[in-house]
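Taking it in order: structure first as structure tokens, then the write-up.
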Amino acid sequence: MTNLVVAAVPPRAQLRRLAPAMVSTIAMFAMVAVCASLQSDVLTVTGLTLILSATVPLVIAAQAQMMLMSVGDIDLGIGNFVGLVTVITATKLVSSPGTGMLFLVGLVAAYALLGALIHLRRVPSLIATLGASFVWLGLGLFVLPTPGGSTPTWLATFGSWAPAGFPAPLLPILVASALVWLLASRGSVGVRVRAFGSNPVALQRAGLSPLAARVVAYGVAGALGVLAGLLLASQTGGGDVSSASSYTLITVAAVILGGGSFRGGNAVPWGVAIGGVTLGLVSVVLSLLDVPSNMQSAVQGAIVLAVLAGRVVVGKVLR
Amino acid sequence: MTLRTLARPWIWGFVASALVWATILALSSQGGGQTVSLALSLAPYLVIVGLGQMLVITAGPGNIDVSVAPVISLAGFVAVAATAATGSVAVGVLAGIGTGLAVAAISVLAILGLSIPPIIATLAAGLIASSLTLSLADGFTAVPDEGLRQLLNLRPAGVPVLAVAVAVLTALVVALLSRTTYGRSLLAVGQSRPAAERAGIPVARVLAATYLASGALAGLAGALLAAYIAPSPDLGTRYLLDSVAVVVIGGTLISGGRAVPVGIWGSALFFILLDGLVNLVGWSTAAQNLLKGGLVLFVLFLAGGGTRRDATTSRPRRRPRPATAATAATTTGDNTHG
Amino acid sequence: MHVDNLPVGPLAAPPSGDREPTGAQPVVTARQVTRTYGRTRALTGVDLEVRAGEVLGLVGHNGAGKSTLMRVLAGLEACDEGVVTVRGQEVPRDVRPGAAEFRAVRMAYQETSLCPDLTVAENIWISSRRCLPRLRWRRAASAAVQRRLDEMFPGHGVVPRDRVEALTLARRQMVEIARASLVDRLDLLILDEPTESLGPDAARSLYDHVRTLTARGTAVLLISHRIREVLSVADRVAVMRDGAVVADKPAAGLSEDDVLVLMGAEVAAPADPGPAPAAVPAGDRPVIAELRAASGHGLHDVSVRVGAGEVVGLAGLAGQGQQEVLERLWRPVRKDTTVLGSRAYVPGDRQRSGVLPLWSVAENLIVTAMRGLARYGVRRRAEEAAAVRSWVDRLAIRGGADAGMTELSGGNQQKVIVARAFASTADLVLLDDPFRGVDVHTKTDLYSLIREEAANGRSVVWHSSENAEMAHCDRVYVLRAGRVVAELAGEEISEERIIAVSFAESTEAPQ
Amino acid sequence: GSGCGSRSNDGGGSGSGDKPFIALSNGFIGNGWRQTMIAKFEAAATQAQSDGLLGKFKVVNAPGENSATEQVAQIKSLLLQKPDALLIDPASPTALKPVIQQACDAGIKVVVFDSAIDAPCAHVLLNSFKDWATAAAEPLVKGIGGKGTVIVSRGVVGSQPEEEMYKTTQEILAANPEVKVAATVNGMCDGAKAQKAVLGVLSSVPKVDGVIGCGDGYGVAQAFSTAGKPIPALTFETNGRALNYWNDSKLDNGSVAVMSDPGQSVAALWEAIDLLDGKDIPKQLTFPIVLVEQKDLGAWASALKPDEYAAWPWTQDLFRKQVEAVKTGGAPVQPPIPSAAN
């Protein structure tokens, strides 16, 4: 009998958990609405394509950040890592696709190795990924000192793909988020990863390897970082190791906006997609509004604060 | 016990800087003493920022101040403008410190009032500060005070006056941490925020003071750097990542609760000497970054470990409360949270 | 509350003579098992045998090595010396968690070993994945845990897709026990202090289930500090002391006092709480803290008064609003709460909100008093050192002032945390059930400390889940569902009385 | 304080035929050069607006670090607003290629300035980096008498302009074999970074006669004064601070001040207006760098605020003359040095 009663009660705890992402969703739609009121073309397929396309690599890099945050780590190297991937894409992947692919796989492996070292040597991920970010930057400059190169044709074709009646950037965002959701929220791999972030002792007692969980999380993050780099290269038509350096902190903000936390144990792929799009739209809103050029970063900061403050308010109401 | 002390990472900053110094000496076979002297005239700025960052990191998991870079830039302009307006260097430096306090106040409001994670709150405060910097920089006319610059360049017997002053500041921070209630409270909050709260420590006040201190120190660094170099909108850019890196290589626990102010000197010297070495050898930025990153990782992986007990055998916790995750079971050297 | 305090009959079918499991197969055996952690010899040569179809009770003082032994028997840790055999097979030395030999040995941990951020079903997958299908495991896990919970704890109120974080402590414990028992083959089920967070109904149905398990031939190893409970459920009782099993006897015929003696207790101590405190009428004392008809956040119209020098108890079943009252007194931000003077808090959950793990005993002990001793924010270390010395001596804290806090045993850690509160100048000390799982000797020391400090004019508000402890109070408020259902003073305070009001349906919701 | 505004009475701006709507996308606003560039543009555009040459303009700066991704996003949202012409100071010489193509496809005139970019549809206006490097090194080498020890402070290593400049520098050094290079540091065309980089090597090198840099002389001078060494010949930045320092310290040792011209944004504005008028303008225009020699030092120094960079005051007229000069291969136009009143 109690089970029935409990099942019928509105799941307030769940509501509270979803609240952050809901606030971000509202913020996202509010921003689209503001854009649309300033420029009615925003709501056309072309308009949506234009304003969303730049958020695609950001969203996917934010999913990578989320994988690490779900084990309680933070990645301060993701920006330079994505930049390094664009560099490899623009050089090796064009000149000899086989070697290029091998390099990219090697990068994913390097991420997994970094995760393993962090775990085995028990060092803080924050500083290890910070150190790694210098390495990614150095490697990128080494491979391609000057921004340039070109993207493989298949990638460029994808970058300029414009189906009728459907904003193309939505596809990679939805597909990547759905994959991450299947992997991290639904699948058993995700359970291991989140369990590690939540309570590593429990994982170990059940005979599962915390090391494996962390390595998987890092490996998936690395793969997502590679994907983000490929998509960024498809949009920029070349490689530039420092083209994504702003991603490092923005992706953290996107995960937080999407309802993630620093504590680990949570995977919020859909929230991250929304948080990433919201943050990506800030630039659009800024360019549509006539904000004085000097004040634009202040407005960006204020928007982030306002969305998070909204979260607090909703959280209080739901409590 | 001695092995453990050896493994304490703060030693590695000094070891690494000694190695780099020896390499420089071997390469150029001259000016060994002067190399140290010049490094000591650059290190204090990084040490000042690092001390503030260290206090913040010591406040426990998730605490980090990513607004130091914009604060340095903004404080530089404000300090120079205030000095020019009043003719007093002291007023200028105080204005720089005040600027840091003001930006930190925004972070504090967001962290404590709105429960926004520090990394995001300070990011937003920093964005606001950089807007102010750009507005100030637009048509900025004041020039840094010559007297202050000469003071910063003063090196009687090869020992920079500023280095001595910042060494005193470091000693003050050491004393602050061990001799004052604020310092002890900060260390307690960093070890376990709930435990500190139950021990009657005013956690919010301690956190507020900590972020304000970091802001003030970044502001001070900005005021001095503006006189030493020149006010510019990207005066502080490099200091964010470097300040975090020097704190951690310096041996401060990234998970909070243990601060090693002296260690910052070792790692700051290491970074500065490394720059010198790279420039001397004429390596490209690619090599410079690879070396820096590689060495950070090397020192980290070599010195890391050992502090966290094996997960299965850690002492059981008696009663987890509904609101809490069971992750607090491992207490020291745990994985970091921002 | 204690299940063994219930004025009802035995919890489960009493072990009867014909169930004497002499001929039963041993499931797990330990021979001369030792285990050391650094300089601590947790196990000093344990011999123990668990036989199929029996309930083996295991008792011992804190730190006797019970949990360590269980970790060895469950294959989570290897022993240093000695032999562990499972179903007659000797286990290799380099055993790791999840080893095949130990598949059929399952353990419900003292502190739950669930992942708070995961749902119940996901937690079940983690520990029982071997008996779940690869596809659609979520549905299978939900169904399995739902069924098991229904069997073990009818009316449990747990939904498999709830996140563990959102469950109450009691429900988490239920899930933990269900988790342990969900496996395709169960030879031995170890329950390490399973009822610490459970209500009496849940405890009773748990022990009923234990009986059905043993009837099927499963062995159950039960660890508890509630000796009466162990005696009523177990077929056989093993007593551990200082890392070794010192006695192994049939439960029938053992009395509580016998067990206490075997554990090394002076039996007189707990039974006699000393001279009953003089029941000074509350009206005669100046009121230093007060809750006036406080409502909200789990409280309904609660009025509590605390006089100077008074020890006020908060009793009742666990989680009925006692902690909320303490919380209000600790942070009197609402209009309906007044507290005159300073406060100190003794948390019950010492690992999370008590211990400052990087510090020594001295540093942990003085952190609260430090603020009062300091001048202009600068510490006065001589005074601090003197205070530390006197408290370390007064409470006989083993390890001394310079030992690392985490090197201390649990009971000694708890002493430090209690000393921390009383070393301060606080006028009001709030105790949040701090003596759970603390052994008898430490407890008696701390009880007398509380009385002494009250005699010196301090006020104490003391929440305890052990009703016997309430005898040390001047006045006791019994809470139920966020309301004060009774106020007892002086001679009125007794376990029986508290239990009566805690459970009496008539007293509920007097509107 | 400045701002970008839509002070036009022409609401829609797009395709309305009369006065054009011009947008400027700037990839980075964090240094004095870029700020001067924006300020000059806003002043000129406001003036052009009141002169009736321009309907509306808009400036968008990518916030934060020099971020090509931010700039791509902003250009995409600018495309939505359908400007008639788009001026771009790129954060990256490659990353904008696809989006520039997109803009061209939408019928927008694109003028990229300050950096070469490999986008065939765009018009490019820039300063010659070869000229810059030559103007930096040659007078300096001459000033120290064709022999001695120098430090080379490289710019943003990895960027294509820097490669070109470094090559030029090396050629000049090769032609003067008696000039020895004691160290090559990474100054990143940034006084603060150069100051630290040079300070880092000063104790390890012999006496230095000159530092061939990339507009970082002021910081390098600070490094030498910190080290207590005499100030060698330097390549100063062209801002008020450096020029005043140079002027006040009476250095006459072959030092120069040279940098690219932040007034390019104004020239690009005129180019866009002329392009929209259908005028024929070469795809690639090279405009003169700003070189401050000892003789002009006083005039420049008094005209500039500390963080303001010397910029040529391009007018529509001067711009057209320079375009003619480029077409005919004649001598570049020499705009007047602005007076302090400006």
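As written, the chain order gives the labels A, B, C and D, with residue 1 at the start of each chain.
By definition in this document, a residue touches a chain if its C-beta (ideal position, glycine included) is under 8 Å from a C-beta of that chain, and two chains touch if they have at least 3 such contacts.
Just so it is clear, the model here is predicted, and its values are computed rather than measured.
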item	value
Leading chain pair when contacts are tallied as C-beta pairs	A-B
Centre-to-centre distance between subunit D and subunit B (centres being mean Cα positions), rounded to whole Å	34
Centre distance in Å when subunit A and subunit B are each reduced to the mean of their C-alpha atoms	28
Distance from the mean Cα position of subunit C to that of subunit B, given in whole angstrom	43
Two or more partner chains touched - positions in subunit B	127, 130, 134-135, 138, 284-286, 288, 312, 325-326, 329
Sites on subunit D at which at least two other chains make contact	1-2, 29, 63-65, 157-158
Where subunit A touches two or more other chains, by residue	141, 145, 198-199, 201-202, 204-205, 263-265, 293-294, 296-297, 300
Which pairs of chains touch, using the document's own definition	A-B, A-C, A-D, B-C, B-D
Subunit B residues within the subunit A interface of the complex	61-62, 64, 66, 110, 114-117, 119-121, 123-128, 130-132, 134-135, 138, 241, 244-245, 248-249, 254-255, 284-294, 296-297, 300-301, 304-308, 311-312, 314, 325-327, 329-330, 333, 335-338
Touch list for subunit A against partner subunit B, complex	71-74, 76, 117-118, 120-128, 130-142, 145, 198-202, 204-205, 210, 249, 252-253, 256, 261-265, 293-302, 304-305, 308-309, 312
For the subunit C and subunit A complex, residues of the former touching the latter	76, 96-99, 109, 113-118, 122-123, 125-127, 129, 137-138, 146, 155-157, 159, 162-163, 165-166
Residue ranges of subunit B in contact with subunit D within the complex	24, 27-28, 30-32, 34-35, 37-39, 41-42, 127, 130, 134-135, 137-143, 149, 152-153, 155, 225, 228-235, 237-238, 272-273, 275-280, 282, 284-286, 288
Parts of subunit A lying in touch with subunit D, wherever the complex brings them together	35, 39, 41-42, 47, 50-51, 53-55, 57-58, 90, 141, 145-149, 156, 159-160, 232, 235-240, 242-247, 280, 283-284, 286-288, 290, 292-294, 296-297, 300
